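Structure first, then comments.
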Amino acid sequence: MEQRINTEVWKALIRAFLPFKGRDVISILDFTREDLEELFERADYFLEHRRSYRLLEDYVVALAFFEPSTRTRLSFETAAKLLGAKVIGFTSEEGISIAKGESLADTIRMLDAYADIIVIRHRYEGAALFAAEIAESPVINAGDGKQHHPTQAMLDLYTIRKLYGSIDGLVYGVVGDLRYGRAASSFIYGLTLFKPKKVYLISPPLLRARPEVLEVLKERGIPFEEVTKVDEVVEEVDVLYVTRIQKERFPDPLEYERVKGSYRITIELLKRGKEHLRVLHPLPKVDEIEPAVDTSKYAAYFTQARFGVPVRMALLILIAGVEP
Amino acid sequence: MEQRINTEVWKALIRAFLPFKGRDVISILDFTREDLEELFERADYFLEHRRSYRLLEDYVVALAFFEPSTRTRLSFETAAKLLGAKVIGFTSEEGISIAKGESLADTIRMLDAYADIIVIRHRYEGAALFAAEIAESPVINAGDGKQHHPTQAMLDLYTIRKLYGSIDGLVYGVVGDLRYGRAASSFIYGLTLFKPKKVYLISPPLLRARPEVLEVLKERGIPFEEVTKVDEVVEEVDVLYVTRIQKERFPDPLEYERVKGSYRITIELLKRGKEHLRVLHPLPKVDEIEPAVDTSKYAAYFTQARFGVPVRMALLILIAGVEP
Amino acid sequence: MEQRINTEVWKALIRAFLPFKGRDVISILDFTREDLEELFERADYFLEHRRSYRLLEDYVVALAFFEPSTRTRLSFETAAKLLGAKVIGFTSEEGISIAKGESLADTIRMLDAYADIIVIRHRYEGAALFAAEIAESPVINAGDGKQHHPTQAMLDLYTIRKLYGSIDGLVYGVVGDLRYGRAASSFIYGLTLFKPKKVYLISPPLLRARPEVLEVLKERGIPFEEVTKVDEVVEEVDVLYVTRIQKERFPDPLEYERVKGSYRITIELLKRGKEHLRVLHPLPKVDEIEPAVDTSKYAAYFTQARFGVPVRMALLILIAGVEP
């Protein structure tokens, strides 16, 4: 196990020193802090100059969503189209040849034949890396398996930088399903590229962060602590990164009902926190955040969603090797 | 009930005096006759100059079809793309995060974050208005609930203007399901912005026009009469606006079979009418019109469908505040 | 039967002498050798100059996929978008008005109202011809029924021309389901426009080529032979065109299992063939080709898939009557 982790981190480190142009985007660990700063600078530009461009007009971008997604897909589509790219693709496995028994490898080869950049979403761990090994065109992981959703982490980190001016020196609380939620794991991995003051991992015992995630936190010397209740740490954190706890994760529905309340974010809870405390969420949310929070000063998640477009525009141009 | 109706009409009246640019399009009652004439003028232009434009090249248009649609969706897509807009969206609820339990409000907020104009189709009454209240971007109702489908009414009225030179002074027969069919209600509402000589509401007793629709006809002084058979009035009408009667509306299938025949439009029936009598239909049709009518001089519905593109192009540029 | 065949061939011959511009593309038999050479020349251009164009920027192309498809749909979409066309459409019958009982004729009329070129895929034989008779816009058959998939044949023939310099004078083996597979029939029809040295039709007795296909081979004087095993002819052929044999074609699953092995293409088998022997396949494939073939010199099918884009770009500009 340990061996496998280190190999993965090692591979990510190697990828992290490649030039941006033409690079595959598999894990947020593939990037250095400098990479992300380069990215954020372009995102700032596109946030300020929201209009259409012809930068990618000779590019075909394939959106290969083997698993449904709304936000990630629509923001990638918006980003690619605003850059002038031609966008093709599919939004679920149904109706594509996978249904006829075609191998994933063959489907990827087809996309590679038509597209210059492939954006892939897949429920299986490692699908994006597998695609990248087959395709000549760069592959962007739009979420696969339980750990990696690198472009989500990019926009999460970008949001914090916009809100606080810096990602360093803050206290973070990451709440919810840290075991199966790929957004949470990716966000934690992303934090390890910076210098957070402390990271609280807040989850029910059943949904604790994966050993490989803890391993990376340790290796990179990030102060962290696992706790089981939000209200233990709400006064200390600057950022609460909340994720959904799915009922289906619990063998016993009663156990889920019992646990749910402790992870619900309410106005009352947030009022006990710091003045500048803000809540992030990769969305969609169901009832893990009280609706009253939506219209309060605490809610940063709608702004966060909005940043999906400039951040993904920035990523696409860097991979294409063009500048606005 | 009465109160609610008047409030709705009142709100629509207020919206009707807003400038076109940036306006939400919820009900055809939101518009004045002058608004529609402004719209028809632009539609004339696009009908005559069918080509692509860059007028909306910096615009992202979201087509949010929570309920399936072919004609409305494809003609909006054609219109937006011919204007140079970037189009994103979805064509059914499946596969979007609504399926994961996301609230409609959150889905709208997401679309608002990515798009500059939101086109929404939803089975629930009031969904478009709800969306408009949440979104900063203008919202266009592409059909919701049982009453409102304003862009359909726009192209219906435009078709009549092209066929007869004027919408005023004609005798109209509106046939079919006037209770649950949103196209029929919207068309009747649309007529109240003009001066029809008379409007016949032709339907089985079970599917009579809704009280709120009759209320608006009365308030605006439009002469109308409810009848149950097309052949009672076929000699008098200038325009027959036909809609589908769905079997499912009848508790007893036998009742449906018995009723169906009286609402079927045949060549024989039409020959009894005026020389210039024309049949409109929002489409799709099933068997409520005899196939022989399709290729006769009476059929105006294919032309009507064709006008969906220039009328929707006109609406989009007026909302964006640009001119060809 | 004979009569019907001749009428079809006759109609195709007539279509084959029409100018390219505005032409319907129903069967590969609609084309002359000269037509295809004209097409291949443009495909060469687009293969060499892969970039976006504005040639079709005033065109709306409808992709009407009543039956799912991945490769054909995505390569048409890529081709149309790289030419600057606006692309609209649907990817299955679900969710379009066909589901509400609309006739195919009405659906085609709608597409005709919005689009300048209609690309249609349908499971029923003759659907594309039917559409062409109704629509004013040119119709391209993207596969219908069991015999016709003309654009697949175009790219197949183009691939052979690129591999061997010429389509004439070679020995072909067409393997698999020659009865129900439209790609196989279209490929054989396509070969009859050239001068193959010999065509082997290799299939289980149950899945032999259709009488109408054999009729065309005879009429056009193409030397051919029906055989039941690949290894009988592997040493003689220059090109193996392999297609999938679907389990569902066999009334008895045991019969399928027994037959399957004889049609599986392995490296061992191919090594017995000529030095320059190459394998084509319309894809998707399941297990009819041993995976080791994929990365061998024998595999031409991924290149073949790649050629779908330039060949379809060439076809679209010839139909639109524009030149790069």
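Chains: A, B and C, in written order; residue numbering restarts at 1 for each.
One rule holds for everything that comes next: a residue touches a chain if its C-beta (ideal position, glycine included) is under 8 Å from a C-beta of that chain, and two chains touch if they have at least 3 such contacts.
Note that the structure is a prediction, hence the values are computed from the model and not measured.
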Copy-to-copy rotation for chain A and chain C - C-alpha atoms, rounded to a multiple of 5°: 120
Interface residue identity across copies chain A, chain B - same or different by half: different
Whole-Å separation of chain centres (CA-atom averages), chain A against chain B: 41
Touching two or more other chains - residue numbers and ranges from chain B: none
Parts of chain A lying in touch with chain C, wherever the complex brings them together: 57-58, 60, 62, 86-90, 94-97, 99-102, 105-107, 109-111, 113-115
Parts of chain C lying in touch with chain A, wherever the complex brings them together: 50-52, 68, 70-71, 74-75, 77-78, 81-82, 91-92, 283-287, 294, 302, 305-306, 308-309
